[in-house]
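Next, two complexes with chain A in common: one pairs it with chain B, the other with chain C.
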Partner chain A sequence: MARLFERRLTPKDSPLVILATTTTAFFSAMFVTSFLFLSYGASPFQAYFALFHEPFATLRGFGYSLVRASPLALIGLGTIVSWRSGFSYLGFEGCFVIGAAATSWLALLMAPGAIIGPLPFFLFLPLAILFAFAAGGVWAGLVGIVRARMGGNEVLISLMSNYVAIFILQYLVSGPMRAPGSLPETRLLPRNTWLPFLLAGTRAHAGILIAIAAAGLVWMLLQKMPLGYELLVTGFNPLAARYAGIDVARHLVLAAFFAGGLGALAGMVEVLGSQHRLMDGISSGVGFVGIVVALLARLNPLAVIPTALLYGGMSVGADAMQRRASIPSSVTFILQSLAVLLVLIFDALRYYRMNFDFWRRKPPTVAERVSN
Partner chain B sequence: MNGSPHLGSAFVVTWLSASLALAGPVLLAALGETFAERSGVLNVGIEGTMLLGALTSFLASYYTGMVWTSLLIAMLVGIIANVFLAWMYVTVRASQVVAGLVFNVLALGVASTVYRRAMGNSAVPENIAMFHPLHIPVISNLPLIGPALFGQTILFYLTLMLAFVAHFILFRTTFGLALRASGENPAAADSAGISVYRMRYAGTLISGAAAGMAGGYLVLAQVGLFRESIVSGQGFIALGIVIFGRWNPLKAAIAALVFGACDALQLSLQIFGTRVPPQLLLALPYVVTILAISGLFGGKAVQPAALMSPYVKD
Partner chain C sequence: MKNTLEMRNIVKRFPGVLANNNVNLTIHAGEIHALLGENGAGKSTLMQLLYGFHSMDSGEILIDGERVRLDSPKDAIALGIGMVHQEFMLVRPFSVAENTVLGLREGSGPLLDLQRAGQRLRDLSNRHGLALDPAAKVGSLPIGVQQRVEILKLLYRDARLLILDEPTAVLTPREKDHLFAILRRLRADGRSIVIVTHKLNEIMECADRVTVMRDGQVVATRTIGSTSEQELTRLMVGREVNLRADKSSQKIGASILQIKDLRVEDETGREKVGGLSLEVRAGEILGIAGVDGNGQSELAEAVMHLREVKGGHVLLNGTDVTRLSVARHRTMGISYVPADRRRVGSVTEMSVADNAILGLQRKYTRSLFRNIADARESAEALVTRFGIRSSGIDLAAGKLSGGNLQKLILGREIMRGSAALIVEHPTRGLDVGAVESVWGELLRAREEGKAILLISAELDELLNLADRIAVMFEGRIMGTVDAAAASVEEIGLMMAGIPVRETSMAGGEIKETSHGETL
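Take a look at the complex of A and B:
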């Protein structure tokens, strides 16, 4: 029996098909969200123009898009390293906070008259990167040890650890690190620790360069290095990995360490590039949107940068839309998550192929046979 | 706290009754989640479902003033939202963690958009219809435990009763057996004539109904208003309670009380003024959850064997 849609044994996984399903999913999400705009009495075309014009067609807006994209990209990269190694880590909100706190503590030591005193930026930055990466790496690595050695469920433990990290942050900014003043925040970080601005007249800072470099390194790690290969095998099939002599437990902890470190770099970039101080509520969901970015980028380290730019830009555009058309910016949460849900749904389609013979090779009917 | 017997007993009374009150909503959500996980579905989406339940029960109570209707509406919304989730988990066979997690972001977007749409920029309304604590005569005046055990809202007693009902259904009925079989060995269940898909849909929808109601519980019996941060991880705590309770409704009730006690300790200690930083106490329930599910106390062995693995019928 010929069918129009035949089920394949494995999903079609050519890059073209994956790109096609992803973009179809994203445009379908935009289509669904248009009805939401219509309910506000706004034309969807104007709404999408507002959503994308400011972040991508104005210099100032593009600067903000880069600012928002950098931490998203770094968290997306952390997601890629851990998830592709079979470690479903969800604690990036916590890593972000830990990285931001560690960086701020280090930077405040560099204030004039403080313990270390002013350090040239080219010395400070590598130090900050190492320190933040190590802090986040240890934070997430603990979850990795729990999973690898005791068999705990990393999904839930990492979700819980987010809240613990946020309470640690609240304790720090309302207690030991609090600056004199009414708000729970630290004093402004010394200027010699700020990331340099890239484009005159915008807020764009060197954080995006750190994100791009990290994307290159993660790509190198996963595609070109033996360690990355071992991590991927661990993720694909831990039993086969163990049979091949790979220490699965050690690789899980290592994947967790890298993921946490990358998540912490996101916090470092946010503090040194954009906020210039540590304050309560600095994370506000970026740890989860970063995961969503990685998913839309199909866990591909190079695709993370443009996807992060798209999502970062959308959040900038949403603020503009809220100011001008008084459509709440929470609409973008709907658009952003709907896109990924639709990607998951459209992925099921890759299991099917269309059978064109369904139309062509019909057995001739009696009437046709007679006329021949 | 400082040795005075009167203050000490006041502390115990507030602590106990707050423990039970805080345990209620998470227990309700955990009972539903037990069904989902026993059928083989890890429903991470209950966090978002609770938020949607909280929103709809708030709006319903604001507009109609009827608490039971509001609770029912929250439950229905929970079921409807989880029809979608169940479809994602069972039919589309998407990764359960990913679908649930992204659904939570979607629910946050929907809830805050709808709330702003409905309420505009007006000030938060002060009074919505709520459930009030019952004061069962005589026994609620017992010293220490009286006010705590017999001065809760009707929802608390209902939830406690549901724990026994859930236990009965899971372990004493054919449906419960079929549900558990689908989560332990779906292929065997299938060859025994059980529709694994139907069981997993049922499990997910039950967890959706319970999570929607749990959101309504939060609003209608505890907070009395809606804000985006009203759930703030309580759905995830319910997931932890399911593990800590070893996928058993009665043990989950005990686990929920332990978490409620930690949560309430922070409230009580703040009221009675201590030098401990409040954030340390606020983090306590989360740290306890992490320790409880870390595997330090075992637990991997009793998890439903087919949890998180989609079933493909050949």
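Take a look at the complex of A and C:
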């Protein structure tokens, strides 16, 4: 009669339980992926050592991990702001591209002999941040307006807007912004616009500091500011928000603006910190992986930084694993996807409790169904 | 007398809750048995066990003296147990006959024989006085008739034990009388009926015996002749409760909220409020009576400008606020407690503290930031002042009981210090203890001189709280009566759309004067 798993009336939601289900899910994903390693004849232990040693235990690798983590974290933060406000935005790939293009345009103006000419970095950076944020904000804000004023579906529209942005990028790098030469890309950006490098001998740049600052600001917005409170109410229950006098449409557009701005900062960090020029294919899916990072961080702005580092590090480690254990780096992608799936699925565990009486009492037999 | 049903020593444990603790219940053949208890007393759980929704941890169920096992509603139906849920399980575009045979195999072969079913349905309907047409589309039937369709479904399946969960919550007084008449005929037919309820007067009116539950246990079983409402209340709540609100007579002040010739349409363009005029004065509770769906919610939403106003005006202290934003309405001094506590009135995922400042978030600030310390302090004050039982202000509001959540929302709106307060169905689904305290708070707000517009479907509530009662039917005021002199019959007639001579005069008068002012 008693069931082994009994549904709880309310889910268990202490931080400890959430941490436990998340880590259990992650290790389960690693366990399942082990079988893939075995199928390549490699030892899972060696493979995992290769996967995690280089990005987290070597200075050079750690530098690369930071480089990969910065845009992921910024896009994750954008996801958090929009999703927690009830705006299911998926257009971060587009925002990334728009941000990268806007930043490159601005930076090229700073070249010696160009319109503005060299500007000190401490003046250029705030300008670039504002400009990129505004460009991405308006880009995503348009989707917000369509949703808020006309009831359009933001999931579809934002997804499609990614392609529009990518076509705009292709036009720019093969047309007006193209550098002389055979490749569709701009000139190298002037040195005085590059983000400073952080660790000698590595590629780590100041982008991670921007990401950390942004995480703090997003946390402050959502937890400490009245606007953030209103955004959260809008996200949890738009009906209650409306009845409480919150302008739901306006808040959706605002959420879209912030999300787009953060996504564009990711693009800015990428061009100023790592690529130093705008080129076709600069985004390569980072706008989607960033969403995954946010999900894995359970939409918590402070958890995004370590999660982005883990994710960025794993993609660095994937290459090392391919070299050292000759396992295709795409296995890492399977592991990453599996981790997200299992984290989402394992969440269901919080709704159940195990009923240990189950083993102690014998379930009645069919014959007992109609007794006497 | 033969026992149709016997439940013995039933124990059901949910994680952290002992929902049924050694419960014994006996239902005789041919009786109407009321199951009485506050929310959370375990009566719904007990009925769900009987209907096969849950499995019990221990105990036994006997039907006609034979031990049975119920694993699913299917088993229950096969054993002649039927249930009418609070929310009807009907397919609205289907006819009565189609709804009735849904899930059964009628006729021979793969084809449905609705003809034969229809004949049987007509017979059943005539025999039990259900007055149903098998060909009518369910969606077009009034709520009271839909409920009879649910009963017909059970009779069609030869149910001998009918469980009705809060059957009168959605009915007009007339529909209620009709329902009770049907139940009496079913009883005469030898069937047993269990009514799950917390309305005492209805139990006294139609039940033969009553079993009272409290905290998962049966407190007592009484025959109706040997008990009284007072005793049942005491058994149910565990203490003396005074459900006669003592309304102080006080001077009614200036006109605060004026509604003039208001017209509102629903999403499909049908008129929901048609040229309605009302006036609420300081220190007065104006009750709006009416069966759900006669435009009361639309009226409240239009006053707050949550819904587009097609015509007319809303005045607060003489200022036209008709088309100002919801936020402006609130800051200018109209508060609103919507009917749906969990979906509209609160954000259940957020904490009690966060819900206590919903709508006031821009007040509790220090420069750019939220003044969380002050907000928490006022939340604590709210919890103390309104006696909200909560394990702390960090608890998610959704975990509060209905009564405590309602007190939180009502308290929040009262503490804003608004001059006018619109309250919609404040005690719907609450148990007696909670009703008592919500009523007390509303009267306290009245004494503080607020102008209160109270929308309710409970006549008891209106007669106890309101100074005047306006009856709404199909978007119009059928009449306004002085609560002290009003009779239930009179209001009941107006709720059903039948104008009563003297009172409709009074309504017309108000309408005309306010009309004169706008011109």
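The rule we apply is simple: the second predicted complex is superposed on the first by the 350 of 372 C-alpha atoms of A that agree within 3 Å, B and C clash if a C-alpha of one lies under 4 Å from a C-alpha of the other, contacts with A are read in each partner's own complex, and residues count from 1 in each chain.
The rule is short, and it goes like this: a contact is a pair of C-beta atoms (placed from the backbone, for glycine too) under 8 Å apart; a residue touches a chain by one contact, two chains touch by 3 or more.
Every value quoted in this text rests on a predicted model; they were computed, and no experiment measured them.
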item	value
Touched partner set for A:E6, first chain B, second chain C, both or neither	second
Which superposed partner A:L90 touches (first chain B, second chain C, both, neither)	first
First, second, both or neither for A:L183, with chain B first and chain C second	neither
Contacts of A:R353 with chain B and chain C, given as first, second, both or neither	second
Which superposed partner A:A57 touches (first chain B, second chain C, both, neither)	neither
Partner chain(s) touched by A:E230 [first = chain B, second = chain C, both, neither]	second
Between chain B and chain C, more extensive residue contact with chain A	B
Which superposed partner A:Y243 touches (first chain B, second chain C, both, neither)	second
Chain A-facing residues of chain C, complex	14-17, 55-57, 66-69, 304, 306, 325-331, 336, 338, 343-350, 354, 358-359, 361-362, 364-365, 368-370, 372, 399
Complex contacts: residues of chain A adjacent to chain B	36, 88, 90, 146, 150-153, 155-157, 159-164, 167-168, 170-171, 174-175, 285, 288-289, 291-292, 295, 328, 330-338, 340-341, 344-345, 347-348
Contacting residues of chain B [partner chain A, same complex]	42, 44, 88, 92-95, 97-99, 101-106, 108-110, 112-113, 116-117, 232-233, 236-237, 239-240, 243, 277, 279-280, 282-283, 286-287, 289-290, 293-296, 299-300
Contact set on chain A toward chain C in their complex	1-3, 6, 8-10, 224-226, 229-230, 232-233, 236-237, 239-247, 353, 364, 368-372
